[in-house]
Amino acid sequence: MIHPTAKIGENISIGENVVIEENVIIGDHVTIGHHVVIKKDTMIGKNVQIGEQTVLGKSPSSNKKMKRKPEKDLEPLMINDHVVVGCNSVIYREVKLNTGVFIGDLASIREKVTIGEDSIIGRNVMVETNTKVGKRVTIQTGTYITADMIIEDEVFIGPCCSTSNDKYMGQGNFKHQGPIIRRGAKIGNNATLLPAVTIGENAIVGAGSVITKDVPAHKTIVGNPGRIIK
Amino acid sequence: MIHPTAKIGENISIGENVVIEENVIIGDHVTIGHHVVIKKDTMIGKNVQIGEQTVLGKSPSSNKKMKRKPEKDLEPLMINDHVVVGCNSVIYREVKLNTGVFIGDLASIREKVTIGEDSIIGRNVMVETNTKVGKRVTIQTGTYITADMIIEDEVFIGPCCSTSNDKYMGQGNFKHQGPIIRRGAKIGNNATLLPAVTIGENAIVGAGSVITKDVPAHKTIVGNPGRIIK
Amino acid sequence: MIHPTAKIGENISIGENVVIEENVIIGDHVTIGHHVVIKKDTMIGKNVQIGEQTVLGKSPSSNKKMKRKPEKDLEPLMINDHVVVGCNSVIYREVKLNTGVFIGDLASIREKVTIGEDSIIGRNVMVETNTKVGKRVTIQTGTYITADMIIEDEVFIGPCCSTSNDKYMGQGNFKHQGPIIRRGAKIGNNATLLPAVTIGENAIVGAGSVITKDVPAHKTIVGNPGRIIK
């Protein structure tokens, strides 16, 4: 089902049972897999590939218990040229995927997130709202990127890392701040980053470490709690 | 495809290519996204929202190696009023989602599980069979809730936590028991809880901790292995 | 949509809106859930069950930043008799699922992977490319299996474990090697295994441990960093 208000480019390949809602814009040379759902207003550039069963442009919802209600009047999802999105993924409104970004299968990105040019978001990665990911960043499979986080250019985050943004764990009404990861830092697999820690430029966090304090630039930190080793 | 035996309420919004199997009951003011599959006997209350590509009412299956065979003759999946379910999620038969529950995208809940009123099950959370989650509980993104676990009211579990229920890791024929988390306890991100540990009322488990023994009420525990700090 | 070149066996149950592409072969007594996508060339044996919304036979893709480009001319996905695959899963070309394998919901397996007879790949498990899993292995929910890994017969891996294969985290052009887990070893939940470590026969890795060095056969190791305790 392609809504009559949708604008579809040339040389497009559209799979079976694809749903394209109102005001969607799709550029030339785009491939859309079977059973993809493209929600209203989504904008897709040229030479983009979307895998099967993926949902693009979802609006957030909430329940009574959630303190942080999703905003209304969100901008559309914008997918730039040469982006690749995997299968069974869910990407929200007001996400911007810059040119050449790769999103793996079974991943999800909440609203108000920007992913910089050529960055890789691995399979099964979840990105929360209001986070900025730089250019040429790699985030490997299964890592969790919390809300209100800053990831600068050329950062490498291994698989299964975990981050958080609320040191009072839902108890207080304090400002939430996720970790800040400076340019070129590398985070080993299954590391745990506490709220608001800064990982300095080119610093290295060992696999399985628990980072409770800021890590200076160019330092290596390992252990639980993390200790600087060089 | 809506099976002729299904009973559908009034003021319903049903997306494209939705499959509704035999004996499904759906209340008034329900929204069902594109490509949703609702398996036979599922009961959905009023003012419920189901996201795209989700499967409701799946029957469990198994292979030769699994010791714990899924039960037959399971009750239907019951979804009460004002529940919100995300996209690409999989919820089994004999799950009960009480009023106001929120289930994120890419989550899955096995059979014989109850989720209490207004609780939040985050994106990509997996809940195993035979577990009870209380009211106003928050389970954040990517956390794993094992089988045979008890989570009381107002518990907060951060993202990417891990739990287990089998201290012999498949070797013996012993009773399985998951962790027991008492009312108001808070668990930091990427914490690891061993089988059968009890986390006392309002206790706090630090991010990245490994909990091998019971934690008394109102205490804070951190580290690997976890040690009480206050 | 069933492509006219597909060969479908007898006593098949095919759900609504299933897409079967060219040259697919499906044996007798197979059940395929609603909205399943079976990509071209996939070969499915007898008595196989495929859950709703699953994608079979995906070809890998990449972006400019990925050093390891996926191979072309991959063999088809081969699914042997009596395999069970869950819902919303994504399995690539040149995967071989041997007889009796069980794949949970929301799981994904990359190309050039073999899973041995009767092994269990839990829900939300991600398996990377070029990895070999033996017979009667259990990999529980949410565990991450990196590329270039060897898992021998009868290994047990608990939930949420993490593995890695690149000790230079994307920095160098060195050979990648994932962990090697010898026959009968058991890994506790949320353990972290570093690149190229060998876990010896029947060794036991405690929950939450971080394994930085080889573990001898029959030993038990716990902690961060892991220390042998018996």
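Residue numbering begins at 1 within each chain, and the chains themselves are lettered A, B and C in the order written.
Methods note: a residue touches a chain if its C-beta (ideal position, glycine included) is under 8 Å from a C-beta of that chain, and two chains touch if they have at least 3 such contacts.
Which protein is which chain? UniProt says A, B, C = N-acetyltransferase.
Because the structure is a prediction, the values reported are computed rather than measured.
Shared numbers divided by all numbers used gives the overlap of an interface; between subunit A and subunit C this overlap falls below half, so the copies present different residues.
The angle of the rotation superposing subunit B on subunit C, based on CA atoms and rounded to the nearest 5, is 120 degrees.
The mean-CA centres of subunit A and subunit C are about 24 angstrom from one another, to the nearest whole unit.
The set of subunit A residues that touch two or more partner chains comprises 17, 35, 53, 88, 106, 124, 142, 160, 190, 224.
By the touch rule above, subunit A contacts subunit C in their complex via residues 15-17, 33-35, 49, 51-53, 82, 84, 86-88, 100-102, 105-106, 118-120, 123-124, 136, 138, 141-142, 156, 158-160, 186, 188-190, 204, 207-208, 222-224. Listed in rising order, the residues of subunit B touching subunit C in the complex are 1, 17, 19, 35, 37, 53, 55, 58, 61-66, 88-90, 106, 108, 124, 126, 128, 142, 144, 146, 160, 162-164, 166, 169-171, 190, 192, 194, 210, 212, 224-225.
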